[in-house]
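In this document, chain identifiers A, B, C, D, E and F correspond to the written order of the chains, with residue numbering beginning at 1 in each.
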């Protein structure tokens, strides 16, 4: 029965792993101690669900600033669980879907998951999934209510399900009464200190020690502060842009400083 | 005629009982005297409806904080009534339904109930059934008006119906002029005192007396208060999470304290 | 010609009488002098319409608090008129109807009525018929405008029509410019004094004189006032609930007091 | 060519005349000098359109309080014109029409009118035709814009059209930018003085001189003023209601006083 | 190629010319020097577009008070251009069109115009085309965005297009970000001075010099001012109304004074 | 494989190049040093995407005042890249599209781009694509969310994509949370100084040195300032209008001054 279930969901698994793998292309750089803490927290929840007779459905919200690595971390946790059914639900795969089609897709994903004894569903960018726009504000009530209901719906007997969801809009989800439907939350941080930034520059292999020091020095000069506060993904893209410039450290400093300023003005 | 009716609704009954039974998986732990009072109150309304020639339709709203056990208690009352027709109406079974489909489902459930001499309908999470979202606010007018009408609609001659509805949003239902359509209300409480919490920990069998005392002590330390104020279901999930941690009582105290803090900030 | 018309609408009549009769199941208890005044007022309007060559269409709004007996009184008047066409239009029979379907049903009811020389249409809960919800506020414009038009539309030659409508929301109908489309209004009162309440308790046959006095005394104690202000239907349901309790007068006092308090807080 | 056109629209004419005649059932009682002035004003506009080579389309708004006789006066003018094409457009004939169907009906009526050398269209209750409701406010944009356009659209060569429209909501139409699309306006007054009211009571034949004086005296007593301010139609209905009462003048005084009070509180 | 294009659009041209001609039925009375200035300005834009290799699309907004002659002036300019493709787009021809049908009609008109080397499109009453209503406010977003796009869309190579649009709502179009899509604007004035009014009265041939002076004198008396401020079309209609009255100058003065007052109160 | 891809997208390329070429009809006049800086910045981003293993998707927003040359500059960069797949997405090609059709068109354009190893998509007038109108405000949520998602969606392995988008509404896009989805931004300036204006007039070949000086002198006189602040396209159209006037420099000064005033009043 367990084996049958495994058999049944195998093809789904393969596809999903590739999808999730794509989200991990930049790897997980351990630029701070928090990164390992987050992954450890994930393992704890995975074990809670794995244990027979325990919590049949558990949901965890990964929230943090834009491009801070939420999706990559959720993907990492899901893949490492080695659960027989893993599925990514992403707005990217629903461009042009009507509200009803989105709900049907969600419902199908959960129904499929109930067929496996142990499942993980990663719901990416949950605020985009509900079409959140701050002006109005506007959002899809239909998708929102469906999510609320599915996050609390108990799977059939002997089926257990773990849901990871990512979002940049924790307080929006709170206002929508969606956040409190999650059983737990994990905060994903920006690259915040010069030491963390240095770690990443070193890891990139593109910056000599001198270049790295110059870049960080110039950032401090331009922004007038040692605080960084930029998402890991933005840092990695900034490195690539800088590589095109003859003055690599200078360009990197300018790009980073603009990102730092933009974040502060929010 | 009575027997015929019984015959007719039998299959429905079987299905519903399983559905309701699922809601009772965690049992009813008598952690406080209020729990028995609530069940007694339920029996009184059931007897009122059972008496021939008495009130042909009676509706009772069970309201209380999230995860406080509203659905489990309504399920318990319904099952214990041994009425020939019992049915659960839940948003979980209506994911992706249009407003009209929800209304049709509701209407059908009531029409089916009218075929049995004695019926109970449990309407779960009535605020989700009407798609309530506090931003806007938004809700389904169509479902709302249908509920208002059905709660007052008299069954045919010699048919009697009891409706239990659960909700976390008593004041919302009042604003929507829905709450005053109910004939009576029952308040379902949180786990509020340390004694109540201790009762549940003991009942779980996972905590030694020492662990239990340490956990409760730490909660008081972290939150700076002896008040708990957390739903029974959250307590039970917290116990399962704690079991994964090497420091079970410490983890339990942290998880509970976060839940206590979250509830206070509302 | 008159006879033909009678023939034609006969079947409709039969159905409607049963529907209206159902609304009278609790009878009309003359708990106050106002009740007879209301019925007398109804007879006056019926005679005005009955007189050939007089007002071809006349509309009367019965308004009052929830469960005060509006529908029962309108049903009583309609049945006592012995007009050949009598029809009840109720939201209860339109659950799940679209706005357009409601309008078509209304239009058909009026068109049918025009076929009889003398007709009465009872429109029940007119604020629910227009899907009124105070939040927003929301309502069905389509149904509202149809009602406005039909209430003033003149029947064909030699056809006369009387419309009774019931509502708890007189001031809402005024804001909607619907109330002033009625030619007259009748206010239906709550059970307001202890004497009126005593009348009803006596009539129920369930309370001994002692029980009745104890119940009323306790209500005064709990609410700190001799004013009642509760709908007759709530009183009758309260009596049935109390009958289940061993302490019948005490339970009745508690149920009534809660109802009194709820009404005051409005 | 003129004769052909006459032929063509003849059937339409017959129907419309009956419809308009129905609106005149209560006759035109010349209770005040203003009534003749209004009819004279109507004749002037009819002559302006009748004159070849003059204004090809002319539109006149008749506005005034509810039940003041707007429709009856417009019907009178239209019938007296003896134009070959006369048509009444009324919300009463459009119950249950969608916005688009209303617009199509309007468009068709104008297109038909263009086939006759001389036409009159009476648009009744223009604020209901656009589904005006003060809460929101709400109205049909589609019908509104269609009316705006049609009121200014020039008929084909050698075709001339006069439009009368009635409304209780002059200021609403101004806010909607619809009122200024009319070329002229005529104000229709209430029954305002005791002398006017006496004229109507005398005309009814139901009141002796004594009864009439008593009724008017009592009205002054109850309302504390000699001003009346009630629509002619309400007065006529009030007379019929009073006729059912044994105390005819007293009942009439009470009914009128209530109407006077209701109008003042607006 | 040029000749082919001419051939192709010929039938369209004929139709449009008739339509535009209808708008000129009252002729262009040169009641003020501004009228010739406006026509001269129009010729300048026509020449700019006519010149090969110059501006491929040019758009001009004619704005001014109601009935001031905007449409007539735009029609005059278009007809005098003798461009091979001329087309009037008017809300009058779109009564009952859905938003999408309006957009398709607009799109088709532009696409047809692109087939001719030189084209003029007159878009009449652009604020009605977008269903503008000040309450709400409401308007058709779909039509608005289509207009914005089409006004800037470059025709194919060797095709040049001039767009005239008329509107009474310059500031509305500014708020809608539509006005700044036009390359130029022309203001169309009211009949503003007594001299201008006298010019028109003389031109009508209906007023003797004495009548004319009396009429203007009375207007000044009634309004207490020498300012007129009324659209030419309203003046012409007023003359026709006055002709029906035995006291022609008196009636004209009253009609004009009311129009003057109405405009001032805006 | 690379060659196959080239083959496959070739036809698309041809079409797009023509479309983009049309946007460049007025050439790129280097009226200021900023113009070259902008083009240089564009080349840097193109190189970043061209480099294998680097950033798989990069998006750049070109923002600036109306008619400042945003589309022309984006077209120039795209054409100069010589990437095998280049595509312009413009509201001009979507007149009359429903929201869903727009999203499908966008989705298809991205899906097509993923087939080429290197692609550029130019999204023109992104605020019109989302149907932005400041009153309300209104916009298409569906298109907006699709754009947000597509701008972050990673292409398949070994496919790289650069997106240029143009807009006049930077702050609107910020409010819509759309602007921060871009990786970089480029500001496009107006013609701001007299020297820049002189450069353009000289380049036009229509103005003698004297005419040019007179025109610029008169502008300063009329506007009372040496600042210009008008888009390059408005300047070029103004030159063409002026050419029709006998007093070319005078007309140019008047047209420019009006444009300067209009921009200031915003």
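Convention: contacts are C-beta pairs under 8 Å (C-beta built on N, C-alpha and C of every residue); 3 or more make two chains touch, one makes a residue touch a chain.
Bear in mind the structure is a predicted one, so any value in this text is a computation, not a measurement.
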Inter-chain centre distance, subunit C versus subunit E - centres from mean C-alpha coordinates, in Å: 58
Computed distance of Cα centres, subunit B from subunit A, in Å: 34
Overall pattern in which the protein chains touch one another (line/ring/star/complete/other): ring
Ring topology as an ordered chain list, initiated at subunit A and continued via subunit B: A, B, C, D, E, F
Contact footprint of subunit E on subunit D as seen in their complex: 44-45, 47-48, 51, 54-55, 58, 100, 103-104, 106-107, 137, 139, 141-142, 144-146, 148-150, 152-154, 175-177, 180, 183-184
Residues of subunit E defined as touching subunit D within the complex: 22, 25, 66, 91-92, 95-96, 98, 125, 128, 131, 133-135, 138, 237, 240-241, 243-245, 255, 262
